[in-house]
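Each remark here refers to the structure printed beneath this line.
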Amino acid sequence: MMEDINIKYDESITLEDRSAPILIEGLPGIGHVGKLVAEHIMHELGATRIAEITSIYFPPQVIISENGTVRLCNNEIYRYKGELGSFLFLVGDFQSTSGEGHYLLSHLYVNIARELGVKRIYTIGGYGVGHFLEVTRVIAAINQESLKAEVETAGGIFSEGEPGGGIIGAAGLMLGLAKPFGIEGICLMGETSGYLVDPKSATNVLSVLTKLLGITIDDAKLTERAGEMEVALQRLLEQEKKSDEELSYIG
Amino acid sequence: MMEDINIKYDESITLEDRSAPILIEGLPGIGHVGKLVAEHIMHELGATRIAEITSIYFPPQVIISENGTVRLCNNEIYRYKGELGSFLFLVGDFQSTSGEGHYLLSHLYVNIARELGVKRIYTIGGYGVGHFLEVTRVIAAINQESLKAEVETAGGIFSEGEPGGGIIGAAGLMLGLAKPFGIEGICLMGETSGYLVDPKSATNVLSVLTKLLGITIDDAKLTERAGEMEVALQRLLEQEKKSDEELSYIG
Amino acid sequence: MMEDINIKYDESITLEDRSAPILIEGLPGIGHVGKLVAEHIMHELGATRIAEITSIYFPPQVIISENGTVRLCNNEIYRYKGELGSFLFLVGDFQSTSGEGHYLLSHLYVNIARELGVKRIYTIGGYGVGHFLEVTRVIAAINQESLKAEVETAGGIFSEGEPGGGIIGAAGLMLGLAKPFGIEGICLMGETSGYLVDPKSATNVLSVLTKLLGITIDDAKLTERAGEMEVALQRLLEQEKKSDEELSYIG
Amino acid sequence: MMEDINIKYDESITLEDRSAPILIEGLPGIGHVGKLVAEHIMHELGATRIAEITSIYFPPQVIISENGTVRLCNNEIYRYKGELGSFLFLVGDFQSTSGEGHYLLSHLYVNIARELGVKRIYTIGGYGVGHFLEVTRVIAAINQESLKAEVETAGGIFSEGEPGGGIIGAAGLMLGLAKPFGIEGICLMGETSGYLVDPKSATNVLSVLTKLLGITIDDAKLTERAGEMEVALQRLLEQEKKSDEELSYIG
């Protein structure tokens, strides 16, 4: 029987060359702020893919590449090691299709972090407010009170009652699940209308995150990347709507 | 792989200091009558937290505290031992997100009760009638006929056909699952419109429950607590609505 | 951890006193024709309860009896042995809440049948047509072609394309799952509007079934029983609607 | 406990007589193009059934044959060996009722392919565009770039952004899951309105597929078969609608 969740490391890479003290999670979510920020940093730094995660908790479909070849939906781990430090990135196509899957996948992500020597996890997301905003803040949450001052200094805002008492999906669960292992967790949520891939919100989050990381990343290409991502996501969302119909049709 | 349900006891507390003959369950439900009554007694008595339960059957999100730190959704066991007796309390953020989870969690709760020497379980809930009421009754159900007279003397009402043949969630299942182990089970349901946290209904339930427990609990702060809970729950419910949208968006 | 499905036999009854060559299934379904017919025969014959089945695949609620005591939702096995022969009856509160549960429970029922020496299974259901009918037929299906003549002689009708290519739930699955073990399976479906407990449809099914069983059962009380069942079911259905709301509220 | 997925080979057939280098999947889907094409070839060649797959992930119902006998929903493997070559066919009643089931079943299908010596898998489906078309193309996807030229020569079209980034269900997952085992995978999707069994779309797919297989199959009976399938499917779909109601009623 297939494993419910599979992780496959690139075998040419040793454990040492997989490790890093920092993990940045940027999976799909509100306004795709997390995805945009994480993938932007990753590409600017030239990170290398070290592992692929597939799971029965992802949607039951394959993704078609531009050349017509298919691949399973996945999440991926990338790693950068260089002048600016060592960072791991968790990015991918989807989060889980079920509540139980969210827990089981987030648990795996935290286990990977432990195995690869991670001391701090940043999870990046959007905070959807449902209407357009002139100025967008970066709302923060942490899994240890001692992290607060550092986050505030970098520009993160702690606002009681925002986001309404909870953070959904991997961005929240990874912080909660990492806590008992002493791994620091910081969630940065870019305020966004939530309707489109939001480069303005992502720019603000990038600014706070890079201050925390102590690095400089050019944000010139962020808007361009947002536009490309928007096109790709619209296709995927249309497909998902169809797939809901199709699943009800073939199931 | 993550366990589907996890219970973690405070390790500084011995088994003897965890035990008590009475368990009072007050998880979220209709009008949050159970939650309000159980948490009110618990706080008035100054009960101590002895265990935390987390599960993949809870919603896949974390709760943000006032200071900006996050924690996993959980249910908790508190214990009071003092002049008024020994009581355990089962309270928490949510019940299960699936029917199977309701059974598996309730089974765990009954196992905990057995392990901690519980002889009687009180489950507290609301009985939603869907319209505002001048006078609200406390409807009762039991898992052994011998308990009837005692409950009626304390003011509980057995009304054939109310609540319509069934009790949903932990309040009902714990009674049914405890029965084969000879653990007495009494469910007290405060009649309520079901729309808001209902302090009037909770006051009535508190009156019946404390008579059964043979203790006196001041109800002065019940209305105040109801107001606070209402604010917190409104935030959580808004968040839940958003999270349904978000889950469909990221899943 | 709780078993997903539990069967508990009355321990005072030996395996020999549990066995019978015929099993009659009458679980809830369209028009509650199956439930009505099976329970009517069972009560007229004075059958004895020999086993109780509980499961996490039943709705997460307890049933309240007239005296205020609760019990878990269950399915039950009754047995009659006497002048008229030996029969087992499978009756209960609900079928499964999930598709997977339907398969797993039906598989258990067939395993019970094998263990108790059953050679033939009758499954009784309703065939809902969605409008009121003057004359209601008894539509039949079988799991071995050799049974056809016998069923037709008793008044069962094989009508190509009715019911539209499929039988849902235990009434169908038990026939399919029993087939590889050489257990004969006959499904009798009373045509019904499907709106109410339908004593007219049940009377027709009772007539065909008793001919097949070679026994005579008085049908005088069938209408009375239907009325009682209607009252009980209306309460349960109202409760179920509420419980859907409540589950979404507490989950 | 029942296995979640069961495969039963006809025991009179040796492993050698089960094997073939090519597997053609034609399970139900959009416009039932895959089902129509695969079953047409299978019948024209006179393929033999070698295995039956049943699963708790199929809908919980049985199918009634014309003679009134029932069988469990299933998927089946057929095999042809003769002058034209050796081919396996995967056809059946339904795909999975859940996302997780889609993965687990597709994984099984790929394992079967590996066991039976399959070197190439063709998955056939429809590409629903939601409106009627004068000319319908055959859109293709592959799991290795080296297959592209061969598919294009046979008439398959690679169109960037069609089908919108993904292929749902077994047609996609089998290609993705087969890839790590070096099994070639080609998906052919007949453009179709998606409303009815579409013989025109199927004729186009048949033409491309037979070129790829290097065989000739008469398409004269394709329209006739489409008509028959339409009648059968309408019955099944009506039944499914009813079964949704019935499941909510009995569950």
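Here the chain labels run A, B, C and D in written order, and each chain numbers its own residues starting at 1.
Basically, a residue touches a chain if its C-beta (ideal position, glycine included) is under 8 Å from a C-beta of that chain, and two chains touch if they have at least 3 such contacts.
Keep in mind the model is a prediction, meaning the values are calculated, not measured.
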| item | value |
| --- | --- |
| Neighbouring chains shared between chain B and chain C, ordered by label | none |
| Interface residue identity across copies chain A, chain B - same or different by half | different |
| Where chain A and chain B are represented by their mean Cα positions, the distance between them in whole Å | 36 |
| Inter-centroid spacing, chain D versus chain B (mean Cα positions, whole Å) | 50 |
| Interface hub residues of chain A, defined as touching at least two other chains | 4, 59, 97-98 |
| Chain-level touch network, classified as line, ring, star, complete or other | ring |
| Chain B residues touching chain C - in the complex, by the definition given at the top | 4, 27-30, 59, 94-100, 102-104, 106-107, 128, 140-145, 148, 158, 160-161, 163-169, 172-173, 175-177, 179, 185, 187 |
| In the complex with chain A, residue positions of chain B that touch it | 1-2, 4, 56-64, 66-72, 97-98, 232, 235-236, 238-240, 242-243, 246-247, 249-251 |
